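Each of the next two complexes has subunit A plus one more chain, namely subunit B in the first and subunit C in the second.
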Partner chain A sequence: MAPRLVVLSLASDFGCQVQLTNMTAELLDVLGLVELSYWQLATSGHMPPDYDVAIVEGAVTTTEHVELLGRVRETAAVVIAIGACANTGGIPGIVGREDLEGRYGAVYGPGPAVATGRRAPLPLDAFIKVDYHVPGCPIDTGEFLRVLSRVLLGLSDRVPDMTMCASCKTNETVCFFDEGRLCLGLVTRAGCGARCTSLGRACTGCRGIAPDANLASAREIAVRAGVPAAAMDDALRIYNALTEVHA
Partner chain B sequence: MFFRVIPKSVIPDLVRGLAEQYEVVGPVAKGETFVYAPLADAADLRLDYDTTALPAKRWFFPESEALMRFRVSDNAVVSESLDTAPRVLFGLHPCDVNSLLLMDNVFLGETPDPYYKARRDNTLVVGVSCTPGEYCFCDAWGTDETHWGFDIFLSDIGDDYYASIRSVMGADLVDRYVPCRAITDEDTAAFQRRTAEFKAAFTNGVDTSQLPVLLDAKFDSEIWDKLGEKCLGCGACSMVCPTCYCFDVHDELDADQLGGTRVRTWDSCQFKQFAAVAHGQNFRDTRAARVKYRYYHKQWGYLSKFERVLCVGCGRCTRACKAEINPPRVVRALQTGVVD
Partner chain C sequence: MAKLTIEHVARIEGHGNITVDVTDGVVREVRMDIVEPARFFESMVVGRRFDDAPLITSRICGICSPNHVVTSIKALEAALGVEVSERTKLLRKLLVYGSYLQNHATHLYILAAPDYVGLPNVFPLAESHPEIVQRALRLKKLGNDLTSLVGGRPVHPVTAVVGGFTSEPDTDALGAFRDLLLGVAGDALATVEMFASFRVPEFETAGEMLALTSDDDYAIYDGDTAALDAGWRRPCAEYREFIGETVVGHSNAKHSTVGGRPFLVGSVARANVNGGKLNEAGRAALAKSGLTLPTRNPFHMNVLQAVELADASARCAGYIERLVEMGGSSAPEAFRIRAGEGGSATEAPRGTLYHSYGVDDDGLITHGDVITPTAQNLANIEADMRAFAPTVADRPAGEFALLIEELVRSYDPCLSCAVH
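Up next is the complex of A and B:
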């Protein structure tokens, strides 16, 4: 029996779900392998009570999210976190860990009624065991398909843990630091093929800080290139505000 | 080996002639750097290049290559891909020519690698002399000269090249496509003068005295910890290295999961996953251990098997490593006991 699949979103802009719809060449093949029970962006029904695989986008920012995520984990045999928000807290995570009410107030005015049950944002694995990770903002559809293949074959998660520089070298891209410019590729998890840098844009760290990243050395490198270490830490807040970054 | 004098002015004619039968790959400008790329026009060839971002190895051992297509239902190999396109690599410096010989030891040894061999068998190599750059230290390993591993080697003697012809194919190409003449004693004297100037121009003195002894005697030295503190573990050094040959092989299934491709990609001993084995064990789980391993393998492990170090002094890793870890510095640390 084909695995029953749901796609749902917590706090995010649905960009990764849009990426799934962008898999025009492969989408019909993928849909032939699963029973699509619910897709928040693309189907009109409600979330069914039972399913096998849950693809979850977005960060946890409300108590309702926490409860929903708990139910998802109890129900699904496999949970896949897609996108920066679900994997590192991503953009919602910029609000940080401190003075949540003050920051909501700065945007929505005093005592805002938005986001009932709001809480400091966190990635999925702060609450539940996540079986597979597809990082990035947005996700790369090729990588998503490779992960889905591993899910269907019952292989373990294999998210790359090296940093971006090897990809950049392979692309023969000139290092941004050689030009005195900041790039977060020094510490960011590889796997996207260093696409942004090959298009002339510095890495912004959307795939999260690599587990073995050497932040202390990266800061020294930035300083040698004329970039203040604080600028690197600031840039890391875009996607990695919730990751412990020891100075 | 025999020799011809070829005027520099006819090199574009030679390239155009070769292009009738071969894909001609040579150094071309890419922004502020140079890369080996197929020549769209003979005029794009830049024999005045200093170094290329990636070495020539990718034309024999690409960063990512499909080895075969397979069918899932019965595990059948549907097709194998061997790249047999006739190709000329035009304009390799002595370091890069030498690097191919070191790669050959690995890929063409007891069990030849069919993918590498197919490309090697179908690729001609034309070398060209160079001027030592800021990061070059090929003189440390004797890889500043090359006497085999090429079909033609062009040594700059002013308005002409002093061409060493190493193969029948090289002789055939020179005769067919360009006017050339036999060498005179004056030409050889000019060649010797250029060689002396070249040898005197190196600035990165690397004291390789007793290096294998030092590597073993200083196995537990704190220099490795110091280097490990700096290392980013990024593997940039391996990617740009003309003699790093480690690879990973994995299967990529098609979206319908009915067929797939077996893919080989470059790997690096500097990646933490490189030495990860079953049960979550990792026998080189610190950056210090991985940096040490890299230098042990290149300067001692390979040497003990093939009687050459696995480095040609091209300086690409010096340029690539933002943490400033490079062979001259590591060898200095081994000699002095401190990382400067």
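Up next is the complex of A and C:
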């Protein structure tokens, strides 16, 4: 029997789900391998009581999200976290752990209370065990398809542990630090093919910190290239504000 | 009597619930609760370097991210006094139109069309009407490929920065894409025909309509804001002076008014304000749609998005011809960081998008502000539901619910944008 699939979103921009719809060459084939039980973005219908695989986009930012995730973990045999928000807290994580009320006040001011049940953003694995990870902002559809294939074949999760620098070397991209410019590829998890750096943009760390990263050494390299270590830490606060990497 | 509660309305971006209660012909309650979580974007950019803002704020929306990038960059350039080349402007227009082609194809075929053929989603059509699904995927892919050609990838393009582009496509790739754009003319017209064939209710919104307008183009990249009914035209950077925002208790997205009135943005407003500037392909598509402008029917958003597909594909082919001929550079302009304030707008697929920022002498952002198209439309969507519901309250419950959902979906709402 085809596994029953649900696609859910917490706090996100829906960009990773849009990427799912962007698999124009593969989407119909993928849907032939699963039973699509719930996907609010693409189909009418209600969340079913039972399913096998849950694809979750977005960071946890409300008490409702926490409750939903708990139910998802109880129900689904497999939970796949897609995108930076779900995996590291991503851009919503910039809000950080402190002064949520100050930020609420700055955006909404006094007046009727909205955005109730809000809480400081966190990635999925702060609450539940995540079985498979597709990092990135947004996800790469090729990587998603490889992970989904592993899910369907019963293979284990396999996210690269090394940093992105090796990809730049393979692509023969001139190192940003050679030009005195900051780049987070030194510490960021590989697997994207280093697309941004090959297009002239420094890595912003959207795939999270690689387990192999040596942050102390990376700061030294930055300083040697004339980039203050504080600038590196500040850049890490874009996608990795919730990861304990700061000096 | 017709009572209706729809939780997590399907086939829109983001989470919203609809409540409608019409009893004895009287509207007791109409609400669109926007439960999409707040991410507090305006607070995120404060204190960060100016060039972080386009990267961060583009994550407001995964479907119109090219618009957020370009609008944010233009607002910062206004604050910093940066002028960019004609080549950069044309490439940015292509980036924005990539999001049009992708968004319109997604909205029309995947999100809206199932309503009109009695299906929960578009996927069963792959078996019964493969030519329709293949057409949808071709148009969607074309938009994604255009954004990728200029921006490096379809969602969250990477090459556009303050002052220009960090990388641009070579001439051969650009030239080849011109032919692809001209090649979808038939698909665009078929889309117009399909949506023109769907019966939609006769309904008129009471709202004002706003859209960007410029003298020389079907405005999407820049221009003044024009008000259709009031007849004024004002610099878009002054948007804070003519758009009022209020917090309403049932919505994490603020509601907007102009002159105290709800208003509509999107394809209907654009076509009404700028219909005379449609190109030949757009005019032919409009004729095929059978519509005469102006129209006040929000259900016409769909068919007018299809008309825009025809206009956009031919228009982008023309931009590419100019890019190939003109030469020049899109490399980022050099500029000095200085304190300043700046605002700007683009037409995103679902309506006008405004960004503004203050920057200090060190290039750090002092404040940021974003008003998205759906945030502008929400008050009008509720006003329309209130006026429309009693006219269809006698229909069977399922049909009543579908009609209300169709009305909401016609606006192509994006609730992650609306709340942000």
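Here, the second predicted complex is superposed on the first by the 243 of 247 C-alpha atoms of A that agree within 3 Å, B and C clash if a C-alpha of one lies under 4 Å from a C-alpha of the other, contacts with A are read in each partner's own complex, and residues count from 1 in each chain.
The working rule: contacts are C-beta pairs under 8 Å (C-beta built on N, C-alpha and C of every residue); 3 or more make two chains touch, one makes a residue touch a chain.
Small disclaimer: the values here were computed from a predicted structure and weren't measured.
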{"item": "When subunit B and subunit C are modelled together on subunit A, clash or fit", "value": "fit"}
{"item": "Subunit B, subunit C and vertex subunit A (Cα centres) - angle in steps of 10°", "value": "110"}
{"item": "Partner chain(s) touched by A:C175 [first = subunit B, second = subunit C, both, neither]", "value": "first"}
{"item": "Which of subunit B and subunit C A:A106 touches, first, second, both or neither", "value": "second"}
{"item": "Subunit B versus subunit C as contact partner of A:M162, first or second or both or neither", "value": "first"}
{"item": "Dominant toucher of subunit A (residue count), subunit B or subunit C", "value": "C"}
{"item": "A:M1 touches, of subunit B and subunit C: first, second, both or neither?", "value": "neither"}
{"item": "Minimum Cα separation, subunit C to subunit B, after superposition on A (Å)", "value": "12"}
{"item": "Shared subunit A contacts, counted only where both subunit B and subunit C touch the same residue", "value": "25"}
{"item": "For the subunit B and subunit A complex, residues of the former touching the latter", "value": "30-33, 35, 53-54, 63, 229-236, 238-240, 252-257, 266, 268, 271-273, 287, 320, 322-323"}
{"item": "Of subunit A, residues touching subunit B in the complex", "value": "23, 25-26, 29-30, 32-33, 145-146, 149, 152-153, 160-166, 168-170, 172, 174-175, 177, 186-187, 211-214, 216-218, 220-221"}
{"item": "Footprint of subunit C on subunit A - complex, ascending", "value": "9-19, 21-22, 24-25, 27-28, 31, 36, 39-45, 47, 61-62, 65, 90-92, 94-95, 102-104, 106-109, 111-115, 118, 121, 137-138, 195-196, 199-201, 204, 234, 238"}
{"item": "Subunit C to subunit A touching residues, read off their complex", "value": "8, 10-15, 37-40, 42-44, 46, 48-49, 52, 55-56, 59-63, 65, 102, 106, 110-111, 114, 120-123, 126, 133, 137, 140-141, 144, 152-156, 158-159, 161, 166-167, 246-249, 251-252, 254, 414, 416"}
